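Scrolling down, you'll hit the structures one after another.
One chain, subunit A, links the two complexes that follow: it is found with subunit B in the first and with subunit C in the second.
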Partner chain A sequence: MSFYESVFVNVGIMIIIAQGVYVITGLTGLFSLGQSSFVAVGAYTAGFLATRFEMHPLLCILAGIVVSILVSFIIGIPSLRLRHVYFSLATIAYCYALQAILTVSETFGGSIGLVGVPVVTRWWHVVLGVVATVWIVRNFKLSRFGLACLSVRTDELAARTYGIQTFVSKQIAFSLASAISGLAGGLLAFNLGYLSPDMFTVPVSSEYLIMVFFGGLYSQTGAVLGAAALTVLMELLRTTAAWRMIAYSTIILIIILVRPNGLFGTWEFSLDSLNPRRRAKHGLAKGGEGV
Partner chain B sequence: MNTSTDTMLEVKDLSKQFGGLVAVDHMCFSVDPQQIVGIIGPNGAGKTTVFNLISGIIPPTSGKILLDGNCITSQSCHQVAMLGMRRTFQEIHLFRGLTVLQNVKSAAYRQMDYSLVDALLWSRRLRSEERAITELAMELLDRFDLAGTAHERADSLPYGMQKRLEIVKAIVSSPKVLLLDEPAAGLNPGETIELMELIHKIREEMDMTILIIEHSMEVIEGICDNVIVMNFGKKLAEGSWEEVQTNEEVIRCYLGVD
Partner chain C sequence: MFVQQLVNGISLGSMYALLAVGFAIVYNILGIVNFSHGATIALGAYCAYWLSTYLRLPLELSMVLSVTIAGLVSALIERITLHPLRRKGQPQIFFFIASLTVFNLVTAIIIYVSKANITSYPRTLIYGSIRMANVIVPKLDVLMLGIAVLSLLALSAVLYKTKIGLAIRCCSYDSRAAQLMGINPDLVIGTTFLLAGLLGGIGGALLGAKYAVYPELGDMVYRAFFACMVGGLGSLTGAIFGGLLIGLIETISNAYINAAISPAITFGLLVVILLVRPQGIAGKLVEDKI
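Right after this comes the complex of A and B.
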């Protein structure tokens, strides 16, 4: 795999992860600092099945998605009842807990990690994953379930008076976000060939959040482009070696200072917006669709 | 269980205590179908608490609430909503940042029935249900003169329109009982008259039972069939506006003497 392909695959995986963060944080308003643990669940499940049972990669990735959903469903039962910052704290807690489990577990390679996963992810697999994820998230967002998440984010009490079960809405969004993270994890496992617990820490989760904030928390388009831009930027800054993190952080700070709502704010790309006549007809030019 | 159809909403011996404070004290009243009932009283009389109890936002300490024969005491907010009750709040509770149309559609969440799989795969069923709901929402917005703003952000509307939008959201799923908490607060005289016409229209055309908390006696006099006066959590008087406004107790506690 060439250098460019590996960057491309990396960007794709990050876009998928950012879609998950968009669903749980952008749409539903829950600040999850534990999204990396669902990537870990997907990655380790896929990697484990591939190394131990030599299962087909596609089956491994599917299993990773299913296990991610199950784990998020169980974790969601207590933690989604928490509000605001308490939820974030709970997500930090389970992120650390999972890391501790992975570090001590012999089955998953302990602190050395899981090695020997076949490196089979190619660029078209990732393209497929990105297209499917973006399409599904867009559908979710425009459906009644997405609208319920948006209402829960803006006014939980009012949402309840319209018969929306806020806990169920959060649970659905949380599971969808985890499924997406699980998919990204599976692709990641077959891209890197090895996995270790320190790849899925809380700081990694915050990097995911930063990507989404950078693009515009309330814009799906922003999540895609934010993830792509920052991942590419990280690669470009590789030449600056030690200065890399400083340069990276400075660029993010400047953008956030200049555009507090992220690069795209609430703007969404749509085919209609390319066509001025339809745009006028639907009044799309006026209100943002996403928020 | 009460199966009679001549009472739409029945409140029996309802009490709510917050620590040592008795906010609602053995309230009893019943509302017939298609009636418009006003609840008036001084600030702190417990009017909004009664609404919060009926709509399931807080559970009562004791007592019973029946909605169209179903016991809804201590049921949670969304359960009560699913049985056909909607309410508005004193302060505006629109989904800020969402468009007017999105606001109405989210209020019609329970009108749609498609599954999560339908949603994720953008199925034909979803598209037809979404289309039907959009049509219904646009029709309602049109009837209440909000159609032109359908794609604007809800929080960018002027105050009077935001209040009207709250009512449209509350009626989009044709509830049996509608609770309006101070709908005229902050409206100018012209808007207040429009509001009264609107409430009448809702009752006539949509066959709804309406409870309304209001400080504007103009509104109470203009639209209510029956008025309940509250003071210190208790029911002070009940009857038509003519009866209530001449009640000496009511004059002393609330209306005052000219």
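Right after this comes the complex of A and C.
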């Protein structure tokens, strides 16, 4: 695999992860600092099945998604009752707990990690994953479930008054986000070939969150482009070696201070907006809250 | 054996309590989750290490200096990053992200300068241990507990006996009314961050002496966050209790179960506490939580 392909695969996986963060944080307004642990669930399930049972990679990734969804119910049912920062706290707890479990568990390679996963992810797999994820998230956002999530983000009490089951909406968004993270995890496992518990810590989750924020928290386009831009930036800064994390964080900080809404704010790309006549018809020219 | 672990737990918990109180005073006044507190924790440990190793200052002096640096850096972080957001009246989430980014930035700088090595101070802070019946307490633990108690007493003296302390308490009740009474909010918030930074610095420097000096020391901020929330939102006493509780659970699960699995047990228990007692152990009712 050439250098450019590996960069491309990284960018693709990051875009998928960012879509998951967008669903739970941008759309539903829940600050999850445990997103990396769902990536871990997907990655470890896929890696475990591939190394121990030598299953087909596709099946492994599917299994990773299913397990992520199951875990999202186990975590979501107690913690989604908590609001605001308390939910963030619960996700931090979950992230630490999972990391501890992975570190002690012999089955998953302990602190050394899971090694010997076949490296089979190619660029077209990632393209397929990205297209599927973006399409699903876009449709979810426009569906009534997505609108329910949006109303939960805007005003939870008002949403409840209008008969929206806020807990169910949150659980659906949480499970979708976990499934997407699980998919990204599976691709990651087959891209890297090894997994270790310290690849999925709370700071890593915070980096995902910052990535989505960079593009514009309330914009799906922003999530895609923010993730792509920051991952490419990270690769470009590779020449500066040790300075790169500092430069990277500084650039993000400046963007957050100068444009607190992120690069794209609530702006969404749509095919319609390219066509002036249809643009007028749909009233897209007016802009407004990204729905 | 159990008493022994209890003593260890209280000593570790007193450190967490210091960090949690620093976290809580900022939360009280601005209502923001200030992750940049983690940066001051890591700086507290690293500045002490750098000053004592490269400038060959005595360890005690470098610790005092590093705590001061941590406090000033904390106030500086507020001035550079959070102040512009506050002036524009941005929602809470921007503070959340901005402080997280600052935390990552400072960690990146520390990793760059220290080459990500795990090191320790040039000498042990204090040797020996005290023996009472069959309980052996390292003098370092006693010192940590003593410094924690003194710092918290000093903090409460500042908050309850001085004019700036009155202003801080006033702002945390109602910052708008405080402003109308002629209190300068920038000064008050700056001082609060300075105090929080000092507490973080003390915690960091001492944790560095107990364990080792490593870049991820700043991640203790997540424990402080937990202690602050489990203790009870908006209560400094609660934050102290929360810190002690985390220290105790962690030490006991380290000793009786398994050191590697102890984060899972600690954090699992904390979530259970949050669920059954959402108002926190200090008992101040916060309706907003559930």
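The rule is short, and it goes like this: the second predicted complex is superposed on the first by the 289 of 291 C-alpha atoms of A that agree within 3 Å, B and C clash if a C-alpha of one lies under 4 Å from a C-alpha of the other, contacts with A are read in each partner's own complex, and residues count from 1 in each chain.
The rule is short, and it goes like this: a residue touches a chain if its C-beta (ideal position, glycine included) is under 8 Å from a C-beta of that chain, and two chains touch if they have at least 3 such contacts.
Quick caveat, the model's predicted, so the values are computed rather than measured.
Aligning the shared subunit A places subunit B and subunit C next to each other free of steric conflict.
When both complexes are overlaid on chain A, the residue A:Ala159 reaches subunit B alone and has no touch with subunit C.
Legend: residue contacts after superposition of the two complexes on their common chain; A:Ile172 is shown touching subunit B, with no touch to subunit C. One of subunit B and subunit C touches more residues of subunit A, and that partner is C. After overlaying the two complexes on the shared chain, residue contacts for A:Phe31 are found with subunit C alone; subunit B is out of touch. Of the two partner chains placed by superposition, only subunit C is touched by A:Arg81; subunit B is not.
When both complexes are overlaid on chain A, the residue A:Phe145 reaches subunit B alone and has no touch with subunit C. In the superposition on chain A, A:Ile136 makes contact with subunit B only, while subunit C stays out of contact range. The three-chain arrangement built by superposing both structures on chain A places subunit B and subunit C 90° apart around the Cα centre of subunit A, to the nearest 10.
Minimum Cα-Cα distance between subunit B and subunit C in the superposed model: 13 Å.
Residues common to the contacts of subunit A with subunit B and with subunit C across the two structures: none. Remark: subunit A residues 135-136, 139-140, 143-148, 150-151, 154-155, 157-166, 172, 176, 218, 266, 282-284, 286-289, 291 touch subunit B in the complex.
Against subunit A, in their complex, subunit C makes its touches with residues 33, 35, 81, 84-85, 88, 90, 93-94, 96-98, 100-105, 107-109, 111-112, 219, 222, 225-226, 229, 258, 260-264, 266-268, 270-271, 274-275, 278, 288-290. Those residues of subunit B whose C-beta lies close enough to touch subunit A in the complex are 55, 57, 76-78, 81-82, 86-87, 89, 93-99, 102, 105-110, 112, 114, 116, 118-122, 126, 130, 150-153, 156, 169, 173.
Interface residues of subunit A, counted against subunit C in their complex, comprise 31, 78-79, 81-86, 88-90, 92-94, 96-101, 103-104, 111, 201-203, 206-207, 209-210, 213, 217, 242-243, 245-246, 248-250, 252-253, 256-257, 260.
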